[in-house]
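What follows is a set of structures for review.
The two complexes that follow have subunit A in common; it is paired with subunit B in the first and with subunit C in the second.
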Partner chain A sequence: MKSAIFSDWAEWLPRLLDGLWVSVQVTGLSLIIGLAAGLLLALAAFARTRLLTWPAILLVEIGRGMPALVMLQLVYFGLPSVGLTLETYAAVVLALSLTTAAYTSEIIRAGLRAVPDGELEAADALGMSRGDVMRFVVIPQGLRIALPTLLGFAILIFQISSLAFSLGLPELLSQAYSIGAATFRYLDVLTLAGLLYLAVTIPAGWLVARFERRLSRHLTT
Partner chain B sequence: MNQAESILSLRDVEKTFAGHCAVDGVSLDVARGEVVAVIGPSGSGKSTMLRCINLLEVPDRGTITVDGTDLDTSGTVSARDLTQLRRRVGMVFQSFNLFPHMTVLRNISLPQERVLGRSRDEADRRSMELLERVGLQQKADAYPAKCSGGQQQRVAIARALALDPEIMLFDEPTSALDPELGLEVLAVMRQLADTGMTMIVVTHEIHFAATVADRLIVMADGRILEQGPPQQVLDDPQHARTRTFLSAIKDR
Partner chain C sequence: MDVLPIIVAAIPVTLGVTAASFAIGAVLGLALVAGRRSRWTVVRGLSRSVVEVLRGIPPIVLLFIIFFGIGSGALRMEPFQAAVIGLGLVSAAHLSEVYRGSLLAVPKGQFEAADALGLSRSTTSARVIAPQAFRVAMPGMVTWAISLLKDSALVSTIGVAEIMSVTNQHARSSGDGLMPFILAAAVYIAIGTPLAIWSRWLEKRFARIRKAA
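== the complex of A and B ==
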């Protein structure tokens, strides 16, 4: 019986790994796009650029307030009604990017704010320009402060990417479901899928923790 | 004092925070090479006055003249004037405020590169020169967290000096330090005064004020209460408030 499960697992594994690869891809793309947007939103908020603040706040509040599942459905089913039809893949990446941007902009903003005021004053007193102060003092330290939380969020968005199964994107969970539908062995295949998620998230979590310790080396007195 | 020979003048400088007047019409002329010590009770506006000089606080009223260049602070100050002013006026803070993610050498070289446009080599050479002067060349590659408070403050002094300022402002540079670490900072400041640097030093170090400063200013309630040669102010204060304040700090 045991060996039967393992031989089934071996049979399912290639499809599930294909699915895992899709999950990793959409997660990676969403993180790249979402983090870039999140950084811009955070900088706009930090600089208190009036023109940008209002739309930025709106975007952040909507992005954080809306469940990721609703965001996915809205982008996929909602955007066509305003004339924008996206492939499933693109819709998933867009929705997850929006969620990522909203959350990470807050995380980054908190990091930027955590840079002590005294250092900003010192930089000002040295005659450094606003741009230089951001570039050399605030952003490097703010991102460093935000990094562990950002990496934690990256792990979370990888898990959240499983919601894309609701749009039929052939990622890990969808693959598991369709194998389950064909074999009626839902529990077995979902267990294997779950293990594959854990095989990514647990080591990633360890790496984040190690990284965090390394980063704080110079900063502790 | 003749205004022509003063390198820094404040005229009727006023700064109000939420209805509270932190600096209440201060006028002051500082001669080139003069060392001015400023004392006064907490909240008397010492820091605010100092911060008005390099426009970390923009005064509500009054003019600041640095080496003949007027800044009428009631209008808006252009970014160019501001940079010019800050190149000429260096500042050292109570809390050092080094950039913790950069080595000691980078802390001193980066502003030179960004503000004065010096090359990396040129900046590093100047930084090493100054580190030697403050006795810390061996710390060039260390991060600030690996330096004692006294060492960090000496690095902060070197960082400000690296921009070749004409005036140095010190806001309680030794208040955050243990006495023996404070001494090494005071020694560097004393040396700096000997080279002829114009300095304004807010301090509770009466001994430093008495022996290094050319003039001692006592502030209270945002105004200059009295001023004069340090020995004279210390030995024969004209105001009862000065006497109370002096006996309070001497008794510590």
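== the complex of A and C ==
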């Protein structure tokens, strides 16, 4: 019996690993696009004109306020009615990027705000322009402060990528579910999929925690 | 816009799933945090593993394991039950982390003073530490409630007729994929925003108390 389970697992594993690869790809792309957009939103929220800060804050609050699942459905089923039809893969990446942008802009904004005032005053005293202060003083330090939280969010968005199941993207959960539907061995195959998710998220979580301790070492000792 | 009454009618189901999962999580979370502070290494290790697994697995995968995996075999389960068990377990893990952080915020002197007064371990926990820790935990607990509210949309995938589920159905039958989802998003934001404001207020109030102390 035991060996039967393991031979099934061995048979399912290649398909699940294909799915995992899709999950990782979608996560990576969404992080790249979403982080860039998140940084822009964070900077917009710092702008001097309310014409820029208010829309930025509103967008972020909307993006963070709705469930990621709603965002996915909205992009996939909603955008066609305004003339933009995306393939599943692109729709998933767009939706997850939007969610990433909303969350990471908050994280980056907190990081930028944590840069000590003295740094800004010093840069100002040196006669740096506002743009240069942002580019050379605030952004590098702020991103460094935000980095551990951003990495933590990257793990979260990898988990959220499982929602792409609802649009039929052949990622890890979809693969597991369709194997389950074909074999009626839901418990086995879903557990295996769960273990594969854990094999990524748990070590990643440890690495982030270790990295965070290293970054804050000078603060405690 | 005719979908709005349908969405509004589903709000109680969403709130029910959220509240029931939160309640389960709040209680089980206590057990997990007690386990993590246990004198026995095995209990500590076990509690920590449970938390890591529950936090590491995507909630939708956990829901599927419970509903399709366990629910289709040994235990027949209603979608609502599976939903509340799944999200309750996830909540337990997250809330135990919130509790753990809040316990760390209670000054060591409080433990020592209770010990010096000869209070038992359980009295110390219940009457001295818990009330102080709870105040620190409140903002984090409310923040988790907001996340949970949004995560409750996941239970549409196992057939609980909450906001997301009725929205999806309406979008499919009416062929309008835009308006229903925009309205659903608006409803989630309308419920979540007061909670977010409350959490921020609690946090500010706590910071003020701590400054005064």
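The criterion applied here is as follows: the second predicted complex is superposed on the first by the 212 of 221 C-alpha atoms of A that agree within 3 Å, B and C clash if a C-alpha of one lies under 4 Å from a C-alpha of the other, contacts with A are read in each partner's own complex, and residues count from 1 in each chain.
Here, a contact is a pair of C-beta atoms (placed from the backbone, for glycine too) under 8 Å apart; a residue touches a chain by one contact, two chains touch by 3 or more.
All of these numbers come straight from a predicted model, not from anything done at the bench.
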Looking at the overlay, does A:118 come into contact with subunit B only (first), subunit C only (second), both, or neither?
first
Original post:
Touching A:58 in the superposition: subunit B (first), subunit C (second), both, neither?
Top reply: neither
- Can A:66 be said to touch subunit B (first), subunit C (second), both, or neither? second
Larger residue footprint on subunit A, choosing between subunit B and subunit C, goes to C
| said: With both complexes superposed on chain A, which partner does A:128 reach: first (subunit B), second (subunit C), both or neither? | reply: first
According to the stated criteria, A:177 is in contact with first (subunit B), second (subunit C), both, or neither; which is it?
second
Review point. Between subunit B (first) and subunit C (second), which, if any, makes contact with A:137: first, second, both or neither?
Key: first
Inquiry  = Looking at A:13 after the superposition, I want to know if it touches subunit B, subunit C, both of them or none. Which is it: first, second, both, neither?
reply    = neither
- Return first, second, both or neither, reflecting whether A:159 touches subunit B, subunit C, both chains, or no partner chain. second
Dual-contact residues of subunit A, meaning touching subunit B and subunit C, are none
The answer for subunit B against subunit A in the complex is residues 54, 56, 79, 82-83, 85-87, 90-91, 93, 95, 97-101, 110-111, 114-115, 143, 145, 156, 159-160, 163
Within their complex, subunit C touches subunit A through residues 52-53, 55-62, 64-65, 68-70, 72-73, 150-154, 156-157, 164, 167-168, 171, 176-178, 181-182, 184-185, 188-189, 192-193
Residue set of subunit A touching subunit C in the complex reads 61-62, 65-71, 73-74, 76-82, 159-160, 162-163, 165-166, 173, 176-177, 180, 184, 186-188, 190-191, 193-194, 197-198, 201-202, 205
Subunit B partner, complex, touching residues on subunit A are 116, 118-119, 121-129, 132, 136-137, 140-141, 144, 218-221
